[in-house]
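Listed next: structures, encoded as structure tokens.
Two complexes, one shared chain (chain A), two partners (chain B, chain C).
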Partner chain A sequence: MLTRRTPLRAAAVAALLSMFAAPALAQEPGLTPTSIKIGLFGPLSGPSMSYGFDVMNAARMYYDKINAEGGIHGRKIELSVQDDRCNANDLVAAVKKLVEQDQVFLLNGASCSAAAVAGKDYVVRSGVPWLMLNASADGALYPPQPNIFGAFSISQRAMGGSIVEFAVKQLNAKKIGYINHDDAYGAWNLEAAQFQAKDNKVDLVVESVNPNISDVTAPLLKLRAANVDVLLIATYARPAQLILKKAYELGFTKPQVLAVNAIANVQQLSENVGSKDAFKNVYIQEVLADKPGSEKLKWVYDMYKTSYPDLASKPDHPQVYMPYGIPSAMAVVKALQDAGPDLTRAKFIEAAKKLNFDSGVMAGPIAFGENERAAQKASIFLKFDGAEMTRVPGAFASRWTYQGQ
Partner chain B sequence: MELEVLSLFLQQGIASGLVTGSIYALLALAIVIVFRTTDVANFAEGEVYMASAYLAFFLIAIVSMPFWIAVPATVFAVLIGASLFQRVVLTQVAAAKGVSVNLVIATLGLSYVLKGIVRATGFGDTPRSFPSVMGEGSVTLGSASLTYLDLTILGAALAIMAVFFWMFNYTKIGRAMRAVGMNRRASQLVGINLGHVQMLVWGLSGAISAVAAILIAPKLLMTADMGVVVTLAFAAAIIGGFTSLPGAVVGGFIIGITENLVGLFVSSRAINVAPFVVIMLVLIFMPQGLFGGKVRVRKV
Partner chain C sequence: MIMNPITNRQVLDLPIRESGAKNRNRIISGGALVVALAVLTVVLPFVTSGYVIYIANLLLVFTVLSLGMHIVIGEAGQFSLSHAAFYGLGIYTAGLLNNAFGLPLILNIIAGGLVAGLCGLAIGFLSLRMRDIYLALSTFAFGEAMQWIFLNWTPVTGGPNGLNFQPAHLFGFTFLSDKAAYPVVLILALVFVAATFVIHFSTLGRSFRAVRESEIAAAAVGIDVKRVKIFAFALSAFYAGAAGGLFTTFSTFIHPESLGFHTTILVLTMVVVGGIGSVSGAIGGAIVFGLISELLRQVPSYQEVIYGGILILFMMYLPRGIFSLIGRR
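Presenting the complex of A and B:
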């Protein structure tokens, strides 16, 4: 029954609803009409600092550039920075502080995969958008989560697929020897390597070894006896160098390709292996668009020198992974631009899912999808003679996609 | 499998296994001489070896010190460092009259300190090495190929074992060390200076670790975590009987060869499991180890 009070009640209810609705927009964390707060985190200290210190600096200098150009839809980027030490506990603590205390709009961080995977559950529960820095972190990207995006350098799976593609297309290998680790990372890169080998109709002979292995005679002898056309080394740096040394000692002369995670420092790699003759037929995988220091990437290194003149004057800077921070920051900026001026986390996540652009920094495009959270899937290859690197033409992409396993 | 391949696998597997086994044997020797004299399982052995490698790296690669100075300087510095640890830390821990496990915990503390120091230098972030004491080159024995460095490591393990075996059995100080290991109070009663003997044993253990590090680091490469290889040295010591010097060397060889043969004929994934299977078999069928002697029951 309608009464005279009904319009008043309706107005009151409408007013009440609008009171809740308006703050809902206003209370989107980390947003003001003039600023967007981003939580930037990575290793600023500790033994793994080299994986992310300058990567964070690269992201920061890109955000500074965007701010200098006027920001995004009138909003300037504000950074709230945390140190995760590449440690799982520290990363989770850093992420919680950024989300709950600093109230950031989105997270942009993580340079180390194991630590990044530890942050996955909290980030999924909190719903905060998270774009990683250079962590590959397959464990956090597959199965895909709505609000987590990563692998701006390359995922373990894409690394495995890409290196097999190079062996087949460039080195014409029909029978490929593949040494990986017997851990989760090894399982991930092997999954895509096997897919790519099957897709290319070639044989993959696999030897999986422990990361702490001290004698690599057995896997190498077996692969030599199997008469493989090429040896792909998808281990960490120390085992990879032991394999190169042993291959030389055993007279293995077929092409040897080092995956990107097997190379921490090329100069040190050369010194550790010792003999220059060991590098007669060695290739290294690189996920940048060209070899470091090339004309194509000069702008990144120039920007670093301008932004951090004191750091740039030090002998160990910029660190090897520095450029990897750029595509991640680019993705954040592009998604913020695409989400429009009426920004919400939901709109940002939708925009991030549709990203597909050439960063000019990485070997392949930065592209996500409805069911794809790993950004970059291609790599280039450099012939390394122990001193000089020569670019092999072309980029080689992994074709493995998540099939809902 | 063709006969030629089988022969290659066996020859190279055993030859390389002997070299890797020598690495375990050298570290096992350092563990055994401390244990048989002081009853302390030195859980810092891996890190003493690691820190020795980084000290040698610093002197050779950073300071550019000539080998003939850097090598003895490293060995001497580690000898002094290990002796001081025994004198300053372990003596104090023992004087506290707590349970003997406190001494083992003290060695664990040393391992963390050494690892922390190396990490703090910044050199532990990537695998490193320094030039080998031996030049480049290799020899072929049948189908097997070994580098000059491999042969040196093998020879060093056997030589150090022989020297210590001789010292423990035929010298006055060696007998004093054995006496301390058998009965500390009785050895003091016959005039042996317990403190000096224990300090000397720790120093010698450090010296073996340094020699091992100088020989092995160019082969296995250096990282702050390289001390993890000591797990296999403990395995070698256990297989050999834990108090026997020849046992430690034979235990090292058994583990090195087993790792390779399992990797070649079973699976590369099984390489790191194989030593522990061997330990289990030895402990089941020969609980005292291969050279640990017969089980003795003592009245107390």
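Presenting the complex of A and C:
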């Protein structure tokens, strides 16, 4: 029933509602009219520091560049930096500090896959957008979560699919020998490798080995007996060295292709295998757009030297993974630009889903989709003779997509 | 250095009872600290962020872990370097039971403690045949072997990909945040603290300490040394396993890398720096060193140097532990 007091009450309720509603709309965490706060995290200490220290520096220098150019829709990027030590508990603590205490708008971090997976549940529950750095972290990307984006270097699955594509299209292999690990990472790269082999109508002969294997004779003899046309080595660095050495000793002369996670240091690889003759028919997978140090990537290394002259003068810098920080920061910036000036986390996530751009740094485009949260799926290949690397033309992409298993 | 006159071996340097006034002052300062901590723990969720509560939850778990190590090393005087393995057994048992059967949190924690306790029982039998550095190496080997199993038994533990758990639940309430889990973690941690004090003052606690000081003298007064040593290992492992179960209250993921020797060393550091042989030392060591570790994360470039420096200073100037300042209990 309407009374004389009804309009008064309605006005009072409206005023009360507006008191709560207006700030709620304006108060996206980490956002002011002049700034966007981003939580940048990765390993800044501990034994795994090399996976992320310079990757974070690369992201930071890219954000500095954007700020110097005027920011995004009038907002400057402010960074809140945390060390995750590449450790699951520390990553969760870092993420919680950034989200709940520092009140960042979005997260940009993680260089180590196992630690990154630890943060998944919390990030999904909190709804904060998270774009990883160089962690492959298939475990956090599949099944896709609404607000988590990653694999800016390459996912394990894309690594497996891409290397098979190279063997088929470049080396004309019909029967492919594939050595991976018998762990979760091995299962992931094998899943896409099998898909790509089936799609290309070639055979894949698989030998899965323990990551701590010390004698690789048996799996190699089996693959030699299967008369494979090419040997794909998707193991970690130490078993990969054993495989190359043993393949040479067994007189295996067919092409051998080392996956990106099988190479920690090419010089060390060459020294540990021992003989230069073992590298007569060896290729290595690379996820950058070109050889490290090439003209195409010169701008990244130049930017690093300008931004961090002291670090750049040290012998171990920039670290090998440094360029991987650029595409991740680029994706953050592009999604912020696409989301528009009336920024919200929901708009940012929608914009991130639609990203599709060439970073100029990685082998393939950075592209997400409604059901795709792994950014980069291509790689290039380099012929390696034990000392020099020569680029093989073209890039080779994985076609595996998540089908909701 | 104090020597045992019967065995001619070095014994733990326990403090001599001090004068009444000094003792009273210490009791008052200790009591004030306890009251301050009690108030802080109660008001914490209302005045701070989820991040701080997450750290508080972790510290409470480490407190239970430290108490477990205190029982075997501080009370019973036995070397044990496999605490991270027992902790891991507790986490995996509780998490897997929750995933498979959706059991309530308390049952998962008890199961985690029991599985770890049974393994501790087996290690306890080792202690009958070895001592000192040999026992330390054997328990270290067990810890390493368990981490290898956590890393490689992929179908069960998730291997190097780690293992996700369903959020824990109790009486129909699911723990989806650190703040929601905090009261339960706090209450259960306090239960373990109380139990440790009860053990400390019980016949069992006195038997532990008798064995620690001299197995021969303990046997001479009728203590079954073998049984006491085995029980110390089993009880210590139960605490560690239960701490693992407690961890699943607020965390839904575990990776084997978190269960390596460094975790055992961290807990050992907490117990030693807190004050070996002291219950309050084990608690204080866990809180102080847990906090130091987290605070040092904010200064990544210097944290290893600062951490090492703090440890050396503690050992130099407070060899009986932080809590020797306020009492030994």
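Operating definition for what follows: the second predicted complex is superposed on the first by the 405 of 405 C-alpha atoms of A that agree within 3 Å, B and C clash if a C-alpha of one lies under 4 Å from a C-alpha of the other, contacts with A are read in each partner's own complex, and residues count from 1 in each chain.
One rule holds in what follows: a residue touches a chain if its C-beta (ideal position, glycine included) is under 8 Å from a C-beta of that chain, and two chains touch if they have at least 3 such contacts.
Computed from a prediction, not measured in an experiment: that's the story for all the values here.
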{"item": "Overlay on chain A: chain C relative to chain B, clash or fit", "value": "clash"}
{"item": "Partner chain in contact with A:R85 - chain B first, chain C second, else both or neither", "value": "second"}
{"item": "Touched partner set for A:S50, first chain B, second chain C, both or neither", "value": "first"}
{"item": "Partner chain(s) touched by A:K222 [first = chain B, second = chain C, both, neither]", "value": "first"}
{"item": "Touching partner for A:N210 - first (chain B), second (chain C), both, neither", "value": "both"}
{"item": "Contacts of A:A93 with chain B and chain C, given as first, second, both or neither", "value": "second"}
{"item": "Touching partner for A:R238 - first (chain B), second (chain C), both, neither", "value": "first"}
{"item": "Touching partner for A:T344 - first (chain B), second (chain C), both, neither", "value": "neither"}
{"item": "A:D182 touches, of chain B and chain C: first, second, both or neither?", "value": "both"}
{"item": "Chain B versus chain C as contact partner of A:T401, first or second or both or neither", "value": "neither"}
{"item": "Doubly contacted residues of chain A, that is, touched by chain B and again by chain C", "value": "182, 210"}
{"item": "Partner chain B, residues of chain A touching it in the complex", "value": "47-50, 182, 207-210, 212-215, 217-219, 221-222, 225, 237-238, 241-242, 245, 249-251, 264-265, 268, 271-272, 274-275"}
{"item": "Residue numbers on chain A that touch chain C, as the complex places them", "value": "44-45, 82-83, 85, 87-90, 92-94, 96-97, 99-101, 114-115, 117-118, 120-121, 125, 139, 182-185, 210-211"}
{"item": "Chain A partner contacts - residues on chain B that touch it in the complex", "value": "5, 8-9, 12-13, 16-17, 19-20, 23, 119, 124-129, 132, 136, 138, 145, 147, 218-221, 223-225, 228-229, 232, 256, 259-260, 262-264, 268-269, 271-272"}
{"item": "List of chain C residues in touch with chain A within their complex", "value": "49-52, 54-55, 58, 152, 154, 158-162, 164, 167, 176-178, 251-255, 257-258, 294, 297-298, 300-301, 303-304"}
